[in-house]
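Here subunit A shows up in two complexes: once beside subunit B, once beside subunit C.
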Partner chain A sequence: MAIITISRGSFSMGKSVAEKVAEKLNYGIISREVLLDASNHYNIPEIKLEKAIHDAPGILERYSHKKQEYISYIRSALVDKVVNDNIIYHGLAGHLLLKGISHVLKVRITANMESRISYVMKRDGISAHDAHALILENDNQRRKWTHSLYGQDPWDSSLYDLTIRIDKLSIDDAVNFICQTAKTDGFTTTEKSLQKIKDMALACHVKAALVHDFPDIGVTSEYGNVLIYLKPKDHVTSKLSKRLDEIRHRKGTIYNLEVHAGIPIPEDAV
Partner chain B sequence: MEQLTVEMIWVMIMIGIAIFLFIVEWVRVDVVAIIMMVTLPLLHLVSPKEAFVGLSSNAVVSIIAVIIIGAGLDRTGVINKLVTPVLRIAGNSPSRIIICISATVATISSFMQNIGAAALFLPAIQRISKKQNIPLSRLLMPVGFCAILGGTVTLVGSSPLILLNDLLVPFNLKPFNLFDVTPIGLALVASGIACFILLGRFILPQGDDHEAKEGNDTASGEHAHGTEEMGDYYELSTPEDFSHYRDPLYVEDLRRRYLVNVIAITEPPDFKIISPSPDTEVRSGIDIVVYGHKKDVNRMAESEGMAVKEAIERFKSNLDSLNSGTVEAVIAPRSWLAGKTLADINFQDRYRITPLSIYRQEETYRVKLDDIRFQVGDVISLYGSWKRLKELQQEGGLLFSLPSDTDYMRPGKAVWAGLWLVTALVMIMGFKIQLSVSLMTGALGMILTNVLTIDEAYQSVDWRTIFLLAGLIPLGIATEKTGTAAWIATTVLDIIGTVSPIVLLTVIGILSTLFTLVISNVGATVLLVPLVVNMAIAAHADPRMAALVVGLATSNSFILPTHQVNALYMGPGHYRTIDFMKAGLLVSIVFIAVMIAMISFVYGV
Partner chain C sequence: MPLIILSSNSKEEEKEIAKKLLQVKGYGGVDPGILSEVEAKYHIDTGKLAETLEQTPSFFEKMMSGKWQYRLACIEAEVIERLMKDNTVCWGLAAHLYVVGISHALKVRIIHANQTRIENIVEQQGIPVQRAQKWLDTENQRRKKWSLAAFNRDETDPSEYDLVINLDQIDLNEAVLTINGAASYRKFQPITYSMKSLSDLALSAKVRTTLLKSMQDIRVQTIDGTVLVFTKAFKQKKIEKIKEIKDLAGKIEGVRGVEVHVTNNLFGDISGNANS
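Moving on to the complex of A and B:
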């Protein structure tokens, strides 16, 4: 009983692995649906969301907070999808968006360069040189994206529980490893970890509801007690307090909502 | 008209910067004053000597002495002694209670710093509110306003008035005496009290009604306005298998998850712990007493599998109201707690007192209280034994009342304190000795007769006030010396044309009121006095009266909770800014009308 995120280097067979794991464990599988959900729910064109989660922020975007806003929407949609457990997510940034939940198995699939090049050559009908350039460009974008938003390198193996390189190991080997790992005690859903992801879902909803106007806030939730953290110099404006009142009355699962200002935003805040 | 010089432009730029900094508060007001103190001589707008002349001015010395005298009165418990007879006179009628307490506070405030008087009385008012069952919101605002108005009763009542004579020196105008303002000040206090007695029901939030309404607000009524009903005590027990098959559960977890405060717990085999520390584990087969809302307690009992008992059983004797209880403590001005968090000072381990909630500007905080950085005026609800609370009270920095608030620190010195105050007053009135010298004599006398020690005297002096005053004085000098004040005054008069003295004074009063709301009262006084004196001279009105209007009207700070006293009372009274606007607007208008009327009546303008 777990949530599995499969992150992959571009064109590294991650999708095939994910599908086979899902089949074997009888888990649900999601990827792009998350973007679609976010797009429908928050009324943002899917292409914009995809760009937000795929491309590294440009110079101007770094100041406009648009990217963070879209990612909040995507995160909210993703957490909603996985909160019911037994699911595999093989889209982008799953390991970062679901950080801190103990029953999330974070897997990274890579493949050797030659097979990635030949896959792209076959798929797109381009030369080996062009395929190589395309893969490098893609990897570079991912690296920049992760770095600019989370300050981390996607190729850093410490971000994952399992890193598998499809080369000497086949796709089936990888599937077996993942299935075995998912069944170990460490990834068992506990009452506590379930509560944690429910709280994360709640925090994500609140953040998504506020992020457009207040991009700098951090939100945490514990047993339905939501805390909103403001940056040190900020204070509760009438606009914010009005929005909070709306949220208090709208979301049935919020038990208590407080705003704390002037203290560092905790790391587990969304 | 005088030619606009480069120096004048510089002075106006500096004034602009000062006002800007006062409003945006990038740095504290006293730092703004020090910036002025240092920048003005660097720009050659004042001489180095003039830059620091403020530090040795009559105003600064007087205020130091006033603060020390106030601290002496505070220490002897004279103030506490006043409360009982005042209450006896007041009886049970809320109106009479408001009149009596307001009048007392105003009297004390006329010889003390307003904020000091306001802070001193807060615990007493809390006690009266509880005892007479009058909502705190109905008492605090009238009393707070009167503490400010009391500052206009004597020339040492408020910083602007203390400054006034110093600001008149460059114009060779006759200084004011200590009681020159008294008739006007008394009329202002009386009109302030009258506003609340006659129209209180329209301008004051009526605590009781709000509470009743809030009872129905189930979503999360705490954020709404009004005093919040905190909750009640419940005793629960955990089953024998409580800690099996689960992660350890701690006292702090219960607060974070269910907003329930554990105030007593048993430890096997049979220890009772009152106010357990947050990392105390909740074990199997034990009893706990919690303080919280019923719905929270029930939610906790249900999800954690605890049993709620019908009544307090095991801890009946410990939780007796004779031994322990809850208090609402207010972070005092200049408290050592301001800027700190409960975690910083290891509060719970140190005092064995349980913090229940923190209230600040319409928000009640109940989760992760440890992280909240205190501000002056925050209200923190505490549960503890009276003994522990008393110990906390003695550390200072928190204002609250305890049932046993009858013993004073040095009651025997009350006579000496009173005597020295009278001596200072006699020197001022009877012998016409300068204010600063007389007051300093009183302060010294208190130290020599051990009313307070010299170290206590030093500690009581608020450097912020001193530097705010001393730092802004050179700005006033520069405004006058460079001719900037005269230039602005004549320019303004050229634009508005000839006006009668009464109209001019009224306009000055309104202008001072507006200034004092956005920049500090001292800042407003220093900037406006040179200006209005020049204006009055140009318009053939009495320049002393113009200055007096500024000195008085800079106490007209009621519409926004920017005045220290209002900021202090905002939390405990659970007031919103709109409450201050409503009551403050009325009192401010009445203030200006009464002030102008009294000035024309007393001084025949």
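Moving on to the complex of A and C:
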């Protein structure tokens, strides 16, 4: 079976699609729960996490690394939630946070501007002009967020396996396509892909434990062998060594933990 | 009788999917092979037509010569005429950019992620990753620029399509099944209104082709056989241009009436003079 991420432009009926897919496949469904888990586990107010994953970083935030820190917590909570499979995540940035796992079906739902405007007008009781402005502002925030943190455009369809426009195709049509695709061989959970997501979960835990003090590190894991990558000019300080010892003791699933400095951080590092 | 229009950043797979759809559905295909018939009808070399679908002229070339727009219009007119005939799968002719507002047209884009394309380029051409990346960036920009210049639409924008399928993990045969399934939905069955819209689109294309042969900067819209032409002209030549357009468009079969809307444009006129 599979993990399905459903990304959408604001007010594009992605939530309805996600709920119907979950019902049809009998999958679990999550969205905000990830923020709640991260909030509880890392003791950060949920509002701050929500802001981190929704709003583009301001100029000062780009230097403070706070946003990256919060996103590391959210990512860790998300991977923990989906690691056991058969689940749909329709919150923000799932396609980026779970990148590289072959049994993750990444779906993007779009809708034409007219129907988005009409939805917002009805929901908020505002004029077409105001609804249009609100949608553009939301879209713009998503664009800036994705671009500033991942250097990518959320509207780039090559980030997704399937992009469906709800217009001539209905919500039910979209649900059918997604369910049909999720059952194909390409998205079947294999031993290898399952191991990969378990490794990702471990790497995310390690990163989340270190990110507050060491925001620039990258972490990978392969079968429990964890590699920590430092930026070229950084060195293994006594503070880092101490923290790594703590992590080794706390995480029984780590077989080996190594630190690499001076080599580029791999693309699949979290 | 739905109409399936394919677009892709992977031409070989687009063609393969189209061929499979033709087999499954028993449809007719409209593909770049029709360029030879455009050549016969409009006396434009097939090579030049194929080049028109790929290359964007410079701003100066576009301003000084309407030939590129004319060649595009000829292709458009021929394609739309064929799309009216029967169940059709159309690919390789940019129809997704000019067949607009037709409810029974299912538009699908077939893609591969940039990373996969880079890996393929590295393997096929034996060049370093960075060079492949640079080449791909240029190629993506070139296609975007072309579609915007030709039809004022960005072909990389997913909202132009009903479905975008990434073949990195979705098997090509699965993609065929998905497209086939979508095409059988009720929304993609032609209705009187959508057929009339297509017929109006075909007439607009015919009129535009006729007008662009001798003038530039022409936009055409058809409503129930009444043709609205929007253009620009030098003040003193306004009346003359309106008459010329009405004469030319009025002779085309199916045109019930012609309305011409002219706005003043000094630059348009200068380029028009240079072209005449």
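Just so we're on the same page, the second predicted complex is superposed on the first by the 270 of 270 C-alpha atoms of A that agree within 3 Å, B and C clash if a C-alpha of one lies under 4 Å from a C-alpha of the other, contacts with A are read in each partner's own complex, and residues count from 1 in each chain.
Operating definition for what follows: contacts are C-beta pairs under 8 Å (C-beta built on N, C-alpha and C of every residue); 3 or more make two chains touch, one makes a residue touch a chain.
This structure is a prediction, so every number in the text was calculated from the model and none was measured.
Partners subunit B and subunit C fit side by side in the overlay (superposition on subunit A).
Using the contact criterion defined above for the overlaid structures, shared-chain residue A:T110 touches subunit C, although it does not reach subunit B.
Once the two structures are overlaid, the count of subunit A residues touched is higher for C than for its counterpart among subunit B and subunit C. Working from the superposition on chain A, the subunit A vertex angle toward subunit B and subunit C, CA centres, sits at 110° in steps of 10. Once the two complexes are laid over each other on the shared chain, residue contacts for A:E258 go to subunit B alone; subunit C is not touched.
In the superposition on chain A, A:D185 makes contact with subunit C only, while subunit B stays out of contact range. Of the two partner chains, subunit B is the only one touched by A:D245; subunit C is not. The gap separating subunit B from subunit C at its narrowest, counted between C-alpha atoms of the superposed chains, is 17 angstrom.
Within the complex, the subunit A residues that touch subunit C are 102, 105, 108, 110, 112, 155-165, 167-170, 173, 176-177, 180-181, 184-187. Chain contact summary for the complex, subunit C toward subunit A: residues 103, 106, 109, 111-114, 156-159, 161-166, 168-171, 174, 177-178, 181-182, 185, 187-188.
Contacts from subunit B toward subunit A in the complex involve residues 219-220, 222-223, 246-247, 256-259, 299, 341, 361-368, 371-373.
Only residues 191-192, 222-223, 225, 227, 236, 241, 244-245, 248-249, 254-260, 262-263 of subunit A touch subunit B when the two sit together in their complex.
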